[in-house]
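Dropping the structures in below, format is structure tokens.
Okay, so chain A shows up in both of these, paired with chain B first and chain C after.
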Partner chain A sequence: MATQQIFSPLPGIFYRKPAPDKPVYKNDGDVVAESDTIGLIEVMKSFNEVKAGVTGKIIGFLVENEDAVMAGQPLAEIDV
Partner chain B sequence: MAVKVLKPGLATTVQDLGRPGYYHIGIPLSGGMDRHALVAANLLVGNEAGAAVLEAVFMGPELEFTEDAIVAITGAELPPKLDGEPRETWTSFKVKRGQILSFDFLKQGARGYIAVAGGIDVPVVLGSRSTYALGALGGFKGRKLEAGDELPVGRAAATVKDGRSVAKELRGQPAGMPTELRAMPGLYWHRITEAAGNGFFSDTWKVAPEADRIGYRFKGGKPLEFVPREPPFGAGSDPSNITDACYPYGSIQVPGGTEPIVLHRDAVSGGGYFMVGTVIAADMDLIGQLQPNTPVKFVKVDMNEALAARKSRSELLGRLHSALA
Partner chain C sequence: MAIKKLLIANRGEIAVRIIRAARDLGIATVQVYSKADRDSLAVRLADEAIDIGPPQASKSYLNQATILAAAQSTGADAIHPGYGFLAENAEFAAAVEAAGLVFVGPTAQSIRLMGDKVAAREAAASAGVPTVPGSQGRLESADAAFALVEKTGFPVMIKAAAGGGGRGIRIARSAEEFHHLMPQAQAEALAAFGDGGLYVEKLIEGARHIEVQVLGDGRDVIHCFERECSLQRRRQKVWEEAPSPSLTQAVREKLCTSAVALAKAVQYRGAGTLEYLYDDRTGEFYFLEMNTRIQVEHPVTEMVTGIDLVREMIRIAGGEPLRIRQDEVRVSGHSIEVRINAEDPARNFLPNPGTVSGLSVPGGDGVRFDSMLYQGYTVPPFYDSLLGKLIVHDKDRPSAITKLERALAELNVDGIFTTKPLHQALARDADVKAGRFHTAWLEPWLESHAAALATAPPPSAAKATT
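This part shows the complex of A and B:
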């Protein structure tokens, strides 16, 4: 097993849910596939999906819902 | 010669120095948000200063070249990679036919300018190749780039060299935190109280994530307190409303007195919000390089200081031209 990080592609606000009244995309411990969405980045009035990019199991999120993030900042750790 | 768009990035558009002359009929200036960096990219690859380039915001595109080319990336620290190998920003380099130009995560700044020797050869619309996406005008089909687009490139100058670069002191990028934006109080300054006016210039504001080519929104400062009045004829009832007026490029409107918005290259040309002042021309390029959450302070200047700053910015541009002549 190796640990990989998922990085934010963009600067902006990170959301773990598709909408305020919806459940989070993924929880700690969930299994993710490469094409799974793990969150959204809001910037310039658009919401951009962040894909896992790897298949594995989420160890944990490194940022909170609605945190401001930078491009290249690690968002979550995955056991692959 | 063409450049194929494999991945478009977030909102990559074709831009040149803009489309002045139509703002009075509602068509904005458009053009690069950081025009100094745009000129630098062009000069590095032997283009005219105002040739059309790609403006990539926050995230680079992935491009494939159908012929050999010379390219340069300036503006934001958006690290280029050629077939996966790192290349320098602010430096011209060769691309071979079939090679792929991609980008690493944005390190600093907001907008990267990708110049290709020969310039992006989209049709000239109202005197400019710039994209005004909101009006579906100019650029490549009036919109941001999409995967599968093929961008025509003009004929390069005969003597283009690779390996040329721009010294740090000629780059004109924002220096230090918070970024200082110089502004002159405007016609509607009397609408806010003295305390509100002082607060506006002493508070630290942060770039809001909504900031885009139309306007840069800031938040985090104290709400502005207005001087009571009877709304004049034609003005809305909110204290921040005015009878509709022209909005200058760089003007700072504050809807509801809460979040200042500095109008930028794709701005609307008029409306009914009071403007607290105007960011001076010399500092507009700096705004184009601000990421969300960047701290900013507005610094009060008068007309003499604004003109001196404009002169100094234009001298910087002159030194850039001399260095890359």
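This part shows the complex of A and C:
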């Protein structure tokens, strides 16, 4: 098992849910496929999905819902 | 009470615009900023600046308690909300006044009234201002709906009362289509929203967006003529002008008079805009809504009338009566504004915050650039993409378009992609030159011109300044 990080592709606000009244996309411990969405980045009022990019198991999120993030900042750690 | 110190509860280009107007009036300024805006031009220009929290607007520019506390701790006696954020929040306007401060805008009651679609429509109807023909509220039966559309005529839109965002809308172009679509719409509304209630509204195809600028002091109201903002992408205005290229003098007179009647009926105070749909084939116009604030595109009105709208709204908020009589408001020449956004027209308007490595600003007579940019500024990703507005003024519309092309060629924002190539292409377009457009014109145009926009030259990379 190796640990990889999922990085933010863009600077902006990170959201773990598709909408405020919806459940989070993924929880710590969830198994994810490469094409799974793990969150959204809001850049200048436009919303962009963040894909897992790898198949594996989420160890944990490194940022909170609605945190401001930089491009290239790690968002989550994943066991692959 | 004349305002002595004004707090600007906004950011970006409009904060800069308000600071300039206040300074021209001899009023001191306090700029609030989020941590992402510490290095903004508004912060640099203001007399004082105060940190109001993290980058997220919900925790800074929308945080009413923090903004009120900032006003009190800096000794500001008034708050200008700009546009967006808290500008049309009646609760905030009331809280500002309750704190003994001046809100630069209308009363909380006016904001509430005009923010309620049904109430605003009723106010318009009782002031004799036409609205889009349709049902007053929800319709429960197909028969009631048909009786109504026989009066309004076709085409009509059938909308789910519980819907929104374009869901559940059907368009009927004849009685036959209407009878076919109505039961479908009812069934779908019931299935999708658990509510079969519908309403119908006449569809005004190919309509233009025309709006009237008003100024009121709570007793008297004047208009400063109209702007046309038909060039829109995803309901966002892209290019605005004054006067409208499509109004006859007789319609202009009727339209502006109707706007004053409605603003007077609600005892409007401050700067406001009444938005209309205009059908240039029939000469009919229909009131849509009133924006109870200064608008992004206010400079085109300033350029053709010579009235500084932001200064006037600050004076009115300070208790002065209107200083301009209606017969003193005259339109001279033509003005166009284009929005310079941090979006790449070659890649479907992808937003791209980043650092401005170089900046050349156009100049000359009748050229104005209202922006938040300076060389070395890093545009944060947290807010909307508007960087600035390029505004030109000349003796007539063809000259204004020529000047716009010249000014766009002089404008260089290095390091980030902007909407400049879009405006260059629009300024060369035959339909735009002839004023032949409507609110649904730009989006198909963008599709058919995607290839040309994709090959537009990118902004130059960082250049060494000598």
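What to note about this one:
In the analysis below, the second predicted complex is superposed on the first by the 80 of 80 C-alpha atoms of A that agree within 3 Å, B and C clash if a C-alpha of one lies under 4 Å from a C-alpha of the other, contacts with A are read in each partner's own complex, and residues count from 1 in each chain.
We take it that a contact is a pair of C-beta atoms (placed from the backbone, for glycine too) under 8 Å apart; a residue touches a chain by one contact, two chains touch by 3 or more.
Quick caveat: nothing in here was measured; it's all calculated off a predicted structure.
Contacts of A:I13 after superposition: both chain B and chain C are touched.
Of the two partner chains placed around the shared chain by superposition, chain C is the only one that A:E66 touches, whereas chain B remains out of contact.
In the superposition on chain A, contact of A:M44 is made with both chain B and chain C. In the superposed model, A:Q5 lies in contact with neither chain B nor chain C. Note on chain A: of its two partners chain C and chain B, the one contacting more of its residues is B. Residues 10-13, 42-46, 68 of chain A touch chain B in one complex and chain C in the other.
Here chain A touches chain B in the complex through residues 7, 9-13, 42-46, 48, 68, 70-72, going by the rule given at the top. Considering their complex, residues 10-13, 42-46, 66, 68 of chain A touch chain C. Chain C makes touch with chain A in their complex at residues 36, 54-56, 58, 342-343, 351, 353, 380-385. The residues of chain B lying in touch with chain A in their complex are 10-11, 57-59, 104-107, 110, 209-212, 291-293.
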